Structures are given as C-alpha cells and as structure tokens.
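In order of appearance the chains are A, B, C and D, and numbering begins at 1 in each one.
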Amino acid sequence: MGEPLGVAVLGAGNMGADHVRRLDRVVSGARVAAIADPDIERARAAVAGITGVRVHTDPEAALDAPGVAAVLIASPGPAHEAALLAAFARNLPVLCEKPMVPDSAGALRIVAAEARLGRRLAQIGFMRRYDAEYLRLKALLDGGGLGRPLMLHCVHRNVSSPPGFTSAQLINSSVSHEIDAARWLLGEELTAVTVRRPVSSGGAPEGLIDPQFVLFETERGVLVDVEVFVNCGFGYQVRCEAVCEAGSARIGEEHAPVVTRADGARREVAPDYLVRFADAYDREVRDWVDAVRAGRVTGPSAWDGYAAAVVAEAGVRALEGGGRVAVELAPRPDLYAAVSR
Amino acid sequence: MGEPLGVAVLGAGNMGADHVRRLDRVVSGARVAAIADPDIERARAAVAGITGVRVHTDPEAALDAPGVAAVLIASPGPAHEAALLAAFARNLPVLCEKPMVPDSAGALRIVAAEARLGRRLAQIGFMRRYDAEYLRLKALLDGGGLGRPLMLHCVHRNVSSPPGFTSAQLINSSVSHEIDAARWLLGEELTAVTVRRPVSSGGAPEGLIDPQFVLFETERGVLVDVEVFVNCGFGYQVRCEAVCEAGSARIGEEHAPVVTRADGARREVAPDYLVRFADAYDREVRDWVDAVRAGRVTGPSAWDGYAAAVVAEAGVRALEGGGRVAVELAPRPDLYAAVSR
Amino acid sequence: MGEPLGVAVLGAGNMGADHVRRLDRVVSGARVAAIADPDIERARAAVAGITGVRVHTDPEAALDAPGVAAVLIASPGPAHEAALLAAFARNLPVLCEKPMVPDSAGALRIVAAEARLGRRLAQIGFMRRYDAEYLRLKALLDGGGLGRPLMLHCVHRNVSSPPGFTSAQLINSSVSHEIDAARWLLGEELTAVTVRRPVSSGGAPEGLIDPQFVLFETERGVLVDVEVFVNCGFGYQVRCEAVCEAGSARIGEEHAPVVTRADGARREVAPDYLVRFADAYDREVRDWVDAVRAGRVTGPSAWDGYAAAVVAEAGVRALEGGGRVAVELAPRPDLYAAVSR
Amino acid sequence: MGEPLGVAVLGAGNMGADHVRRLDRVVSGARVAAIADPDIERARAAVAGITGVRVHTDPEAALDAPGVAAVLIASPGPAHEAALLAAFARNLPVLCEKPMVPDSAGALRIVAAEARLGRRLAQIGFMRRYDAEYLRLKALLDGGGLGRPLMLHCVHRNVSSPPGFTSAQLINSSVSHEIDAARWLLGEELTAVTVRRPVSSGGAPEGLIDPQFVLFETERGVLVDVEVFVNCGFGYQVRCEAVCEAGSARIGEEHAPVVTRADGARREVAPDYLVRFADAYDREVRDWVDAVRAGRVTGPSAWDGYAAAVVAEAGVRALEGGGRVAVELAPRPDLYAAVSR
C-alpha cells in the first residue's frame, strides 16, 4: 500500500495517548503527523519515541502541520465543536470521540455545517458498532431469522465511577453507548425516554442516583430497557438481549476461562471497557483509516452524534422530572440516512 | 409413620388430576380420600384404579366424607372462596391453588375469616417458593453476602397462550407468579406498578397485548421489572436476576445437556411449566402433607394470596390506564407476617 | 393404591438409614417392615419414630418378619452374597446397593442362582441410570440423531476420599459408576481396560495413586476415558461427553445460580454425590417400589452387577500391571439381556 | 516509529497470501518487500495492488531483493529447511510456519545450524501461544494458584479433512498444535506417547483412522490426552482443561451469542481455525515484527520446532505399532531454553 495516512491527534489525555499508540503501533497504514494539547508536556510525552510528529498547543496549528491528511479528536467534549468545524474548513476527514458535542444545539450546528459541505467528513466514536459480539447480534437481527425485534434488555455496569461523576452522567455518558447501540441495532430512532430510580446502592457516592433504570421507545414500538449501575463493584459487564418474534439472542456473557476451585466454577469478568472493548477500538480506527485512504467516510455519522445528544438530553430531563419525555429531532438533512450502518 | 393423611381433592381438571396422581403415587404419607367435580365422570376418571375414594359432585359432601382430614383445592378460581370458607368451617387445613380468589375483595374476605379463626389453615399454591433454584436464590439474598437488593430483572416466557387468554391475564395469571416471588425473595410488599407495552408480536393472537413489560416498586425502593411474553414460540423460560449492592445472582439459565451439532452448541429449553417446575410441585405438596401431619400450617398464607390479588388488580389498571398505579393494601391482621417465609 | 409394600432393610449405616427415611417419608406406596443390623442400637436408631418395624441383628430373621414382601440390601459388600441368596430362597424381590458382590466369582454365583430360578428378582443400585441428565443423554444416544457413539469422555471428582481409601478403590468403588454408566449408555459390554497414572496430587494421602486415568474399550470399538480424582479439593463433579459421528452431547455442567461478585461470575459445585444425585436415589427407589408392586423387576440386573465386577477386577489388574487387560465374561444366561435397560 | 520492516514472503498459497494481507494491511510497521513462489502468477496475484514488491520464483532471489530485512516462510514444509538455512546464511530473522521441517532429522540440522550462529534468528509459527484464551490459561498455570498441573484434557475437532489427509497427519499436522501447546503450557518436555484408535466415524473417508485418542506423558509425570477428530462435521472446536492440584481451568467453550429459538438455546461454533484463531495470527505476526524491529527474536524457537517433530514422529510410530513409544531428544544446545516462553 502507498503512503501512510498522516493523522493529527487532538488531545493527549488517556484516550488521546491510547489512540497515538494505536495509530503508531497497531493500525497499518497510518502515522501520527501532529498532536495538540494545551499541556505541551503531556503532548510531548504521548508521542515520545515517535519520529516526525509536530507538537502544538493550538489544535488549528496541528491541523495545518505538514503531512496532516486526517484528524482524530480526543480532546475534552467542550472542545469538539470548534475542532470539528476547523476540520470541515480544511476538508479533513475526522474521527471524533463521543460525545460528538456535549449539547444537542451544538450537535445540530455540526450537522448543519456538514450538510452545507454536501458530503460526510465526520465519523463519531461509537465503538460498540465495531465489537465482534455486537456485530454478530446486528447480523442476526438483520438476517431476519429471529423475526421483528420487540424488546432489548441491556445491562451496563462499571466497577466504580470517576470522582465527580453526576447522576446526569449515568445517562449522557454511560447510557449514551446504549442509545447509539439501540438505534444502530434496530435501525430506527428513539422517540421517548423514561428513567426509574431504584434505591441507590450504599456503594455509590453520597447523592449519586445509582443504579438507574432507563426505558426507551422506538419509532416502531420496540421497548429498550437499560440497567445502568456505575458503582456495582463487581466488574465491567455489558450485556444485551434482543427479544424478537421468533427467538432471542444474547451477547455479553462472560468469555474468560472457566476456573473451578473449592468455591465453585468461575469465569472472570473484565475490569473495564478498555479490556472488554480493546479489539473494538482497534477495529474502529483501522476501518476509519482504511476508509479515509480509500476516499470514503463511513461509520457513525454526525447525525448519529446529534440524535444521541438529543436522546441523552431527554433522558436527563426524564431523570429529573420523573416522567416520560418525548424525543424531538430536527429535520434530517438528505446527507444522512436515519441511522447510518 | 402413622396413618396417611386423607385428602379431599376439589376439582378433577388437569391440575386436580395431577394432584391426585401426586398424592397417590409420589408423596409419602397421604392418600386421596374424596374427590369432587361437577362432572362426575371426570372425577371418576381422575381416581380410576385408586381404592377407597368417595366421588362427589358437591364439594362440601367431599369435605364431609369419612377419613377426610385436609383439603386440596384445584377447582376453577371462582369456586375457591366458597371452598376455602367451607374448609375453615370444618377446621380443615387446606392447600389452595393460585389464584387464591380471583378478586381482591373476595381475597380480603378469606383473610378476615381466617383471622377470626385465630390460626392459619390455608396455604396458597405459589409453587415457585419450592423450586430448588428459587430456594437457592432466596438463601443467597437472605445470607447477606450480596448486600441489599436493588433490582430484580425477571423474564417469564411461554411457547403459546391458551385460547381466549386476555391481555389482563398476562398480569393476573402469568405475572402473578413473579408478584409472589418478588414479595417472597425480597421480604417486603410491592407498592406500585407500571405496565409498558412494546409492539406486540405477530405470533400473538389478534388483539392480545403480548409481550408486556411490568415494573413494580417495593417498600424499600427495589425496582422489579418483568418481561412477560406468552406467545414467544421458543420455549418456557423463567429467569430472575437479583442485582444487589455487592453482587448479582441469576437463576433460570438452561439446564439441559449441551448438544453440539453442525448448527452449534445447543441446550434444550423446557417446553412448559409442568416440566420446568415438576419437582417444585412435588416438594410443595410433600411439605404441606408433612406439615399438616405435624399439626402445622406453613408456606404462602392467605395474606400472600390477598396481596398478590391486590397487586395484580393494580397491574391490570396500569395496563389499561398507561400510568403508574399505587398498591393499596388493607390493614394486615396480626395473624400474618408481612410476607410469610 | 392398595397396601404399601413392606420392605426389609438390611444394614443401618448411612446408606441404610437414608433408605429407611426414603421408604418412610419420600416414596409413596412403601413402608419399612423390618430392619437388620449387627449393631441393634444402630438399627433401632435408624427406625426411631416409625411404628410397626421389626428390629433384628440377623438378616434372615428380618426377611422372615411379618409383612415383608421385598428386601433392600444396604449392608457392607461382603454381606451381600448371603443376603441375595436368602432373598432368592424366599422368592423376595430385592434392591441391592452396589457393588452387588465384592468379587466377580461371588457375582457369578448370584447370576447362576437367579438363572436357576428362571426369573429376575434382583435390581442393582446403579443410581446414575435414574439421574435426569443421564436419562436425557441416554435418550439422545438412543434417538439416533447424533449418529453412532465413538468416544465417551468422563470426569469423576470428589473433594476428598474417606480414610483408608486404596488405589484399587478408585477403580472398583468410584469408577464402578462409570463402568455401569458406559455399558448402559452404549448398550454393549466393555472388553478391555488400561489404567494410566498421572503424577499424584500433593493433596492425596501418602501412597494413594490419585488421580488415575482409565481407558475402556467396548465390543463395537468405542473408547471410554475416565478421569477419576478423589482428592481434588474443589467439589463433586461428574461429567460425561458422548462424541458421536454427527454431534456430541455433554452433561454435568454446573447447575447452580450464576453469582457474580468482585471475583467473577461463579457457579457453585455440588459438595458430594448425596446432593448431586439426591433425586436419582429417590427415583431409583420409587421405580423399584412401583415395579415390585406391579409384579415386575426392572432396572440394572445381576448380570450388570456381575459385568461391573469383572471389569473392575480387570481395571485393578491394569492399575497394578500397567498394561492393557482384556475383560473375560462368563457365558451369559438367557435370562439376561447383554445390558439391561 | 521509523522505517517499516521489509519482509520477504516465501510461498503464495493460502497461508502466504493471508500473511501478505496481514503484513500489508493489518500489522503496523511492516511491508512486503519481496515474494517468491514457483508459480509466478500466484505470487503476482498475492501482491496485486501493493507497490514496491519484487516478485520471484526463486526464494533466494527474494531474500536478496532490496529492502529485505526479514523473512516469512509460508511455502510447503519440504521447502522449509533450505529456506531457513538461506535466511541464516544472510543473518535474516525469520518467521517459519509450522511444521518447521517435516522430519526430525532435518529439524535437528536447523537447530545445529542456528546453534553454530550462536544466536537465535528463527521463530516458529505455533500461533496458539498468541491466542487470548491460551495466554490466560498459561498465566493461570504460571500464577501458581491452581497448584501443580496433573492432567491436560484436550479436544481438537475439524469439520472435515482436506483430500488426501492421512492417518499420520492427524498426529503430525493436527495434534502438532497440542504438542507445542502442552510443552509451552507445562514448561517441560513430552517423554512418551500412546495412540488409541476408537471405532472410526462413518463420516471419515474410507481408510482414515479418525478420531484418534492420543496420550502424552511429560518429564514430571503430567498426563496429556488429546481427542483429535478431523471429520466431526459439527464445527471447529479446540478445548483444553488443565486439571491441577487445587483447581481446574478450561478454555475453548463456545463464545458466540446465545440464540434461543424453538429448538433450544444455542451458541454458534466457529467453522475453522482461521476464524477461531484470526486474532492469534495477527498478534503472532505483530509481536514478531515488533521484536525484529527492536533487534530481538522471541517466541517459539527452532528447538520447539525440533521437539515437536520428534514427538510427532513418535506419535506416528505409536499409531502404527499400537504401543507406548518413548520420545528421545538429542542433547539441547545451550542457545535454547528447554521450552521457550
């Protein structure tokens, strides 16, 4: 294959540094051409040992560095909108970590800007679409052998939440994965959301509403329920069961070896999403690099990022208000399919 | 052991005939002393080959037959109230199939009548409390090692529903098992119920709302969700996962041999509840016979039957009205614990 | 049903006492009519609280007690031959715990004696044939859908062995269950045996060869391998995988609830065979009582007991000699099928 | 990172073409610099669309092509010895597909040649060492928490064998994976082998001895049994259970989604090793490229390749002769650890 794709990485935090490693050492056909982070030392550390990388504090300077042909945005959410618009202005394909933009108004501005360009440049980092199990579930649903989907039962558990994590973040950070996964698996929009509050766990920080139980409805009447429990203490678990007219399919059962000791037959549970979804991240970035080098943009679109933002906002209102909140989407530009494949 | 317990069986339908077989051939220490059914031929057929059984069309005549020392009610629900009161009038211990009485007003009359007697005579046939898996789950929750329960996720699927099954019966017949199981597992009353309607399956009869998704709340704030799907077409499945502060426990995974053929590794699913819960029925009746012979009445009480009726009625109102319906229980007589063990 | 079957129980040790409890309280249609044990106090204790039981030290006196219509032999193995012949002399149906007789010469005398009677009186206590999982595996093999069996992979693990357990007993006590199960599942005789000795576990008593790996061959060339490990320390595990021409079927996977805690997703393992096979013992005795009352003798035959003894003896010689030992059976009387169903 | 590693690929068959794809599109830091195959058109097809690749019919010409810094041997086994020696002569690091050399005499010549060089250049393609499950099992065994290993139970099943596959190839092609895996997992040499022949499957080609059951012994007395069944018809299954003094650990259970339909709850089984071990191949080549670029050679060594050849030859003799065959290894050069990690 020809020249590797020069990528500007914006953000040198954990996620940015991990993507630098992935572009440099895992994914074929790409190289890190520039990096930007307000903390220049952090940016330098992230690319230590890699030759030919321009290091900046200013994201736009990184985009303008020699050899940059694509952008990977891994900076904090509030910086995404400016970065996406800067990439659009330079006609650069961009992979943007989720959330695309923290609020739906900003997300709609991105959609409008890309629609004005008349072609897609942005792919949003909903990496579950690249997980082998989710892909298999999607294939089962699309294959038709299970009949129409009626319900999705989802579980999303973390060992513990980071400091300062809020009750709203259970929806707009954690459940945002299920929001995109449900839209993608079912191929339709979510239309309403309700949030129920079971008694909170004694293991959750004071004041945090954890666990929560979230119910989504779709255009065709599928009911999606999500248990989100971010201080469960007992492992990272992501499960999804699709209940259909002619059968059900479950993913997310534990995969580790069965170890039998005096206390029983046990499977390990992954400690966190970086372990559980390591391959999905690799596949996501590899597919993006391959597509960009072939002159295409595929994967989750800015519309998917926008729809997720609107649903998450409705979810937070439902959490606060206690009732059912309808999801109201703006008109969809012709550029986008309802849900990108 | 001494004389077998003479039992009058009321009702000679499928369930009654099965209990006759169980008392005659499976459970030690009991015998069928009398049977009553409006269809005398059906009654005779049910006890064919068993000696010393009086056959009647009138339930009270059966209760008065020689040698009758206990009653097993397996007649249709509308006949239960009179049968229970007749047993109470004769001071006979009674095992009554669920539902105890079809409506909560009748159920409350039973509770009041037994409370006036000042001692328990009735055990209600919530047989899941006698299933090995449910018993193990109960022991895990009571043992405390998993911490406080926060949520129960339940699944209740049947291959197909009998002719004429109504949308309300998904609640007051099918989910009534989960209503009692949740009260028993958690040791507290249910306080509110909401029913969600996913799109109905094309495999369900015209007009039947199937599946349904039912949400219960408890006194201490546990959230109980139940998928009930009575025309799923793919086997009888009863699952329950208790999510607690320090761990989760699941029952209801498939138990059959793993058979690997060209199409994959497969476990069979039980076709119906008679197969899945065969041992639970045996244990239920055996425990009842043993307790009665020892002069005791244990197991699910009339109060449990009453509470289930009230919750089920609230569930049907929630199904019809679409909102959250609070559960209002009458004052509880001192005779009863909140939830019997 | 009519009069209960009066049973004389020979032996009041753990197994005998458990059978007394089963006949008295679990199995319908039977009663303990007499008991015999050299230790009269132990015999009395085993039937404490049960009325109408004659207590003896002499087994033959128990067989002659009033009301005795069948015999259950649970005395130590060396006493079985005399007890079986005494039952035959009185024309009494008999359920005899395994091993039928400790050595194959004695076993052959039993076979010859019963053959002279011209009808079966003895059923041997190979209770795995009554376990729900084994029954299902048998049905799968007999059903033909998996094609011809080619191999059986078996695992037999105990937490620890009783004091004084010898290396030979791993074969003639533990593996004797697999010997019968293999003959029954496959419906053919075992023709040769080899025993391999892996390094012994540090958890086994000094001098005990544990684990062992035993290989059987059958008439049609099926290879049966058995891991026997009686001091594994991590639970009672009995597994069997039948590998056939068109598929495989496995039983013995853990059945307990899945409990997820910080250390993973875990299933409990049964502590011992009394827990794992409790239902099988109940079903075995129930079927025997039902058959005897109907004038029939079914289940594992004296020939099955004899064949198991011959194979076990060959196995012990193979353990000691290190090579392959052929199994030589005496001519089979017409009374017996090759392997009883 | 710096210049990509230029690799000469020898052999353009299925495996060679797949490695070309992997080097070109999957593994970061490598490029295909040359390819050689006797069929020049096949070589050209394998590198179609990749720029800068020299195409040859002569392997040595490919090694001498500009930019070649390492060699990947994927030609047929008989060509391996010459290719390895040619790489050694040019001081080129080499990844050689298994079997290293078809016979142990040739394998010993490779070991001697590399020992004369005084440093390792060769890595042998035992890719199971790079599979996530095997790696986890290895870590469990090395971690010590399960105590000393006593037995390994292995299963190796293919849907069907390629045309012309011989009974000896079940050992020296299929089981060779288990030979290396057992040596690596246990960290010791295999010392003897016995092969048992169950009745052959009607699904196997006329004359092929399939399945076979192979028993290995190790230096410390661990017993390793392997079911190899290459025409099982029901999926590609690779399982391994390590039975240790304080617990057991199993890998190879099915990982696919659980799909429940009317015929039961089912997991798919991988169709072949390319699907099952796709990630292992990627990780193998990635690790090799990374190590070579860092100036190191790691992974399975020529000694591992030699030991596997000796054990496989003993296995074939055991298959033919029917008895136990001891494994006799030549003295091990100091260059090699007993079993490389």
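The rule we apply is simple: a contact is a pair of C-beta atoms (placed from the backbone, for glycine too) under 8 Å apart; a residue touches a chain by one contact, two chains touch by 3 or more.
For reference, the UniProt names are A, B, C, D = Inositol 2-dehydrogenase.
All of these numbers come straight from a predicted model, not from anything done at the bench.
When chain centres are defined as mean Cα coordinates, D lies farthest from chain B (Inositol 2-dehydrogenase). Comparing chain pairs A-B and B-D by the number of C-beta pairs in contact, the larger count belongs to A-B.
Remark: chain B (Inositol 2-dehydrogenase) and chain C (Inositol 2-dehydrogenase) have CA centroids separated by 37 Å (rounded to whole angstrom). Here the spacing of chain B (Inositol 2-dehydrogenase) and chain D (Inositol 2-dehydrogenase), counted between their Cα centres, is 58 Å. Chain A (Inositol 2-dehydrogenase) and chain B (Inositol 2-dehydrogenase), compared by their mean Cα positions, are separated by 45 Å. For chain A (Inositol 2-dehydrogenase), residues touching at least two other chains, in rising order: 233-234, 246-248, 256, 259-262. Residue ranges of chain C (Inositol 2-dehydrogenase) in contact with chain B (Inositol 2-dehydrogenase), taken from their complex: 1-2, 24-30, 49-51, 133, 136-137, 140, 145-146, 246-251, 253, 255-262, 279, 286, 290. Residues 159, 233-235, 237, 254, 256, 259-269 of chain C (Inositol 2-dehydrogenase) are the ones touching chain A (Inositol 2-dehydrogenase) in the complex.
By the touch criterion given at the top, residues 147-148, 150-151, 153, 196-203, 211, 213, 215, 220-223, 225, 227, 229, 232-234, 243, 245-248 of chain C (Inositol 2-dehydrogenase) touch chain D (Inositol 2-dehydrogenase) in their complex.
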